[in-house]
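Consider the two complexes below, in which subunit A is the common component and subunit B and subunit C are the respective partners.
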Partner chain A sequence: MSNVLGRGEKIFQVIIHIILLLLAVCAIAPIWILVTGSITSEQELILDGYSFFPKSLSLDAYIYLFRKASDILRAYGITLFITIVGTAGSLIITPMLAYPLSRKDFSGKTVIAFLVFFTMLFNGGIVPSYIMWTQIFHLKNTIWSLILPSLLMNGFNVILMKNYFAQNIPVEIIEACKIDGAGEFRIFFKMILPLSLPIMATVGLFVGIAYWNDWTNGLYYVTDTELFSLQNLLNRILQDVQFLSSSSEISAAGGSMEMPSVGIRMAISVVGILPIMVLYPFFQKYFVKGIAIGAVKG
Partner chain B sequence: MSKVKTAAPRKAGKFRRQWPLWVMIIPGMLYLLINNYGPMIGLFIAFKKIDYSKGIWGSDWVGLDNFEYLFKTDAAFTMTRNTILYNLVFIVLGTILGVAVGIMLSELRKKIEVKFFQTVILLPYLLSWVICAYIGYAFLSKETGLINNFLEMLGMSAVDWYNDPGKWPFILTFVHLWKGIGYSSIIYMASIIGIDTSLYESAMVDGARKWQQIRYITLPLLKPTVIMLTIMSIGRMFYSDFGLFYQMPMNSGAVFSTTQTIDTYVYRALMQQSDIAMSSAAGFYQSIVGFILVLTANAVVRKLSPENAMF
Partner chain C sequence: MKKSRVLAALLTASMSVTLLAGCGGNSGESGESSDGVESIVFATPLVKTVDMERIEKALNEILEPKINVHVDIEGISMANYNNQIGLMQSGGEQLDVMGYIGTYSSWLSKNQMLAMNEYLDEYGADAKEVIGEEFLKSTTKDGSVYALPSLNGKAASMTIVIRQDLIDELSLPVDQLKQASSFEEYCENLDLITEMYAQIHEAHPELACIVPYSSNTLMFTDTMPFADRMNDDYGVLMPDDYETVANVYETEEFETLVGYAYDWNQNGYVLEDATTTQETGNTYLMNGRAASFFIKGEEGQEEQIETATGVDVSAIKILDPFITTTDVNSMGFAISATSEHPEAAMKFLNEMYTNPDVVNLLDWGIEGEDYQVMGDGTVDFPEGVDAQTTQYGLNMDYFFGNQFIAYIWGEGRDTTLMQRLEENNKTAQFSPAMGFSYDNSSVSNEIAAVSNVGAEYLPGLRCGTLNPDTEIDKFNEALYSAGLQNIIDEKQSQYDEWRAEQ
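Showing the complex of A and B:
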């Protein structure tokens, strides 16, 4: 490629850079507001409101959060637990269903593939789901209600993995293993899975983020505040800032300090997005790839 | 081994050899059976008057009564209208913006720039709707919000955003695009990258300008992707993003007229009013019409370009 750009090309490049920069600012500004809002002094927030560049900084919101950490730590722990258990479970059952479907010689291929695919076309909706999980499985106010309903596996991820196996794992490898006397389980765990780390990373990310960000299962199935995930706690505080200060043990622990009620909303959401923001640069590659391959053949 | 085999023993032999594969699919199929097929069977409750004391199976059948009640209310019209209109606006603006940003990303010359812009523009997609509601509140709060501060600075009067239904179509559309643009632009960019570069090279030899290349090469070659994604979105027109419509207006009743969709209605009827009759009727309505729309959309794709059809 020559380095000489035509004049039109140069102008074009300048224009797309300006537009993309504007979009980037739009994407970051709201997150910036969360951060600055959390370190603005409560007085300034009440008098002047939120601003991009606060005049008076204060860490009161974080100090308050830290003192009353028990609620938040427990919610954090619950979110961590459901994310790890849910993602691990998903990464076991999804490839186990997807792999046989990718095998041309699997006798149940057509029927099973249809049963998986059909779940993407039609669903019974939330009312029967709610009644089933609460009346038949009695999940209400259990930790399982945050893990099992809807998030553990979906047809889309199964098909994503099936396509990956079918396209990236040569039949010859499987045949060679069989000739060496390896059974199907051995082939799957020792050969297929190690060869499929990229798709495992991609699906694991999709599922992990879905668990970390999920607030709907908690909204439906959890009324016991001890079982609140981080998102449910955030959701509750959004509706009622006093929820934090009214929790019993909290008022005993830090009664001397008045709650910075405006700043604390921002501080707690910063705490909520921190893990994702810290990990994002490392996983963004797999994430972007996953979106791209998912779209090509859904 | 003799060459002559009957079909039955061969099939049985295959099954005997493949039993580990059948065992492998058990956990996944069990989950789909419960999580996905269970509620499908449960759709029948829309025709019952659920009474927990009699149990789900023992409750009385009431025929179409639940639907009659539902469609007598204004709620049915409002939620259907909102769901469909928002979807239409989202499809049109989302496609235009997604394609535009996808093209711009694919025109960047440095890899590091592509990575930077992709990463940043995708950020909002990673935020939970609860966090988005907090962000929205920082902008829209009547007393402390950024927008009202700005309006007051300009000498204009503050707006009570959470009580003004007229503003919400704009707010929700903006938020939807803000959160989703990174995702859709990656999809379009992926299909632009797949375009044969020799087409552009020969166009440049012929002296085609940048916008001519986009107009006559990129856009026509993107058309199949755009059509396919659009038709798939039309298939989802009876569904809405519950988080967007529930969290962003912070559950404010004053703006239900422009923020209520079928999904938020079903939630509110079920959880806030404990009205199983209405919520199950609305849910049934959504499932069935949604299913018909998906089938229709797919039939249209199969007509237009069979290789892109889902089935």
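Showing the complex of A and C:
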């Protein structure tokens, strides 16, 4: 590309950059407030509210969390476990469904593809799901209740992968393998998967983030405090605070309640998003590539 | 290649094993075991995340030998409680006793509770006696008792909480405030408070004279003296006519009260973000932002607030208590409509209202670990434990059954408190509609619409940011076009029916 830009183009570049910068600031500002909020002294938060550059710093919130470390660490462990096991499981079974769907010579394709599509548009709703998982599979208060429901396999990811296979793996390769005497399993594991790293990384990231951020499964299926995941714990703390501060019944009955301070709520959020923020840049290169390739054409 | 295949096989295998194990493990859990001990599930809302397993174990050590009942406690976060109960009931899970806070009328209209009369008479006679006829009316519909209200100080009334150091510094005339027995006396109190705020504002312009205690309302504006809110404020009984359901927002009294709020706001006495804040009055008090706030409180609240905030305050009741149905049935315990063990459930409830060991365990935890009895008969943290490190610390003594037989928390507190609360419950004025609870299922659409209108106008009116001269009319117009009249008519007809039966 030539380095000499026309005058009009230069102005265009400047304007675009300004707009993008503003958008970037809009995205970063809340996170910045979150982080500074967690290290601002409680008194300043109440008296002056949040600010971008707090006057009085305090690590009280983190010290409080450190004292509660056993709860937080356990929750971290649970989240880590379900994220790893869930993502691995998802990455094993999703391509196994997506790959046959991408093959033109697979006869049941339309029916199965329809079923996959169908789940993207409709689902049974929470009560039937709850009955199924608790009454038939008895998952309530087990670690599997955080892994299996809704997250393990997702119609959208299957379609994304199917499209990737259909467009990036030439039929000729599969034919060549067959001529060389490879069976279907061998073709799948030896040829298809190694050729699909970008889409695997993309779907892996999607699923991983979904597991990391999930709190709904924990909300419905877990009442045992030992199985609380990080997001579930955080969500419960925040919701309880909100409920308590709006419940007139309790204050009328003479109950008063020590609530975690604003700073602590912020600090828990920071602790919750930190790992994702650290990991994201490493995945990003695959991420963009995979989604761009997989998304072309339906 | 081998690796992936092995991994896949392992995962599949491990999942199926867990599924099978899950099936096996759960089937033997409920119901009667061989030694005649019946297992019941007790769901309770909790104000914070606490491990209930220790409590459950200690509880069963008391209950199993005494009444042959084994209780599984399901502690559920309060914010999600109602949903979870709905799921458990429609999901066919075992659920026997369920505590509630604020969901009585919605459970009643959805038939989620079992009519417990026969069990109450047979297995809960003692509980019935301590609760008393009058309070039990609040959870009775058409002759059937659906829940047992928690026993605590019900005679809560409008109370102003002011920082003691300000009273001393400015010699505020707080002793002139009196428990009002009429609307006029109530207004005299408010006039006096206005003068005090002027003094505080002049001496300490940096303080918010008044902050909302909770829910974005200054409180004194939404408790109409001696009116029965009839569950939700949309259609109330005003003191001049306890027979007709009226729209409280059209009354002169409402205009007068929000007028105070508006004046205070205009003069800069009210916290700026009163209409949006998520913090409670305690937080503002603790951090030196608030000079005072209103609460609906009972005796003992002063000490509660001082313990929670570390700030020396004076809490002064400015209105006579007036007990309505909603005040009494706002929290309590019901037996699930899906319960297969109602007798055992009632036996357990009976213990919760009569056995101090059970109540203390649920209120304060395990003796020696979570609390210890002090020399003066109160309880407090044992050595080495404080509010931050305690494993329990629910402080829900107002909730679990009978507060009057429990210990009082906090060394040095007045141990006659419970007698006084109990006395107040008996001497307070009761609403003529005591025992009437209305079924809102036929007007649920209107309720939703009207509540939306309320959410738009009420915070502004109650905190004094909206001018009542112009906004009250708009508010009422919006309420009527959202269907308020239907709600009032429905309430009136149910109320007439109820009165005819009395």
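Brief remarks follow.
Convention: the second predicted complex is superposed on the first by the 247 of 298 C-alpha atoms of A that agree within 3 Å, B and C clash if a C-alpha of one lies under 4 Å from a C-alpha of the other, contacts with A are read in each partner's own complex, and residues count from 1 in each chain.
Going forward, contacts are C-beta pairs under 8 Å (C-beta built on N, C-alpha and C of every residue); 3 or more make two chains touch, one makes a residue touch a chain.
Here the structure is a predicted model, which means the values were calculated and not measured.
Touch criterion met: A:193 reaches subunit C, while subunit B stays clear of it.
Contacts of A:183 after superposition on the shared chain: subunit B is touched, whereas subunit C is not.
Once the two complexes are overlaid on the shared chain, A:164 sits clear of subunit B and of subunit C alike.
After overlaying the two complexes on the shared chain, residue contacts for A:139 are found with subunit C alone; subunit B is out of touch.
In the overlay built on the shared chain, the residue A:46 is in contact with subunit B and with subunit C. Contacts of A:206 after superposition on the shared chain: neither subunit B nor subunit C is touched.
More residues of subunit A are touched by B (comparison of subunit B with subunit C).
Of the two partner chains, subunit C is the only one that A:88 touches; subunit B does not reach it. Of the two partner chains, neither subunit B nor subunit C is touched by A:62.
Across the two superposed structures, the residue set of subunit A contacted by subunit B and also by subunit C is 46, 92, 126-127, 130-131, 135, 148, 185, 219-220, 239, 262. Residue ranges on subunit A touching subunit C, taken from their complex, read 42-43, 46-47, 64, 67, 88-89, 92, 126-127, 130-131, 134-135, 137-140, 142, 144, 148, 185-186, 189-190, 193, 219-220, 223, 225-226, 228, 233, 236-237, 239-259, 261-262. Those residues of subunit B that touch subunit A in the shared complex are 11, 14-15, 18, 20-22, 24-25, 27-29, 31-32, 34-43, 45-46, 50, 52, 56, 101, 104-105, 107-109, 115-124, 126-131, 133-135, 137-139, 141, 143-146, 148-149, 178, 181-183, 186-187, 189-191, 209-211, 225, 229, 232, 242-243, 247, 250-251, 263, 266-267, 270-271, 276, 279-280, 283-284, 286-287, 290-291, 294-295, 310-311. Within the complex, the subunit A residues that touch subunit B are 6, 8-9, 12-13, 16, 19-20, 23-24, 26-28, 30-31, 33-34, 37, 45-46, 48-52, 92-94, 96-97, 99-101, 103, 105-108, 112, 115-117, 119, 121-132, 135, 148-150, 152-153, 155, 158, 183-185, 188, 209, 212-216, 219-220, 231, 234-235, 238-239, 262, 265-266, 269, 272-273, 276, 280-281, 284, 287-288, 291-293, 295-296, 298.
By the touch rule above, subunit C contacts subunit A in their complex via residues 1, 4-5, 7-8, 11, 15, 18-19, 22-23, 25-26, 47-52, 74-80, 84, 87, 90-93, 101-102, 150, 152-153, 156, 213-215, 278-280, 282-284, 287-289, 295-298, 300-301, 304-305, 307-308, 327, 330-331, 387-389, 393, 395-399.
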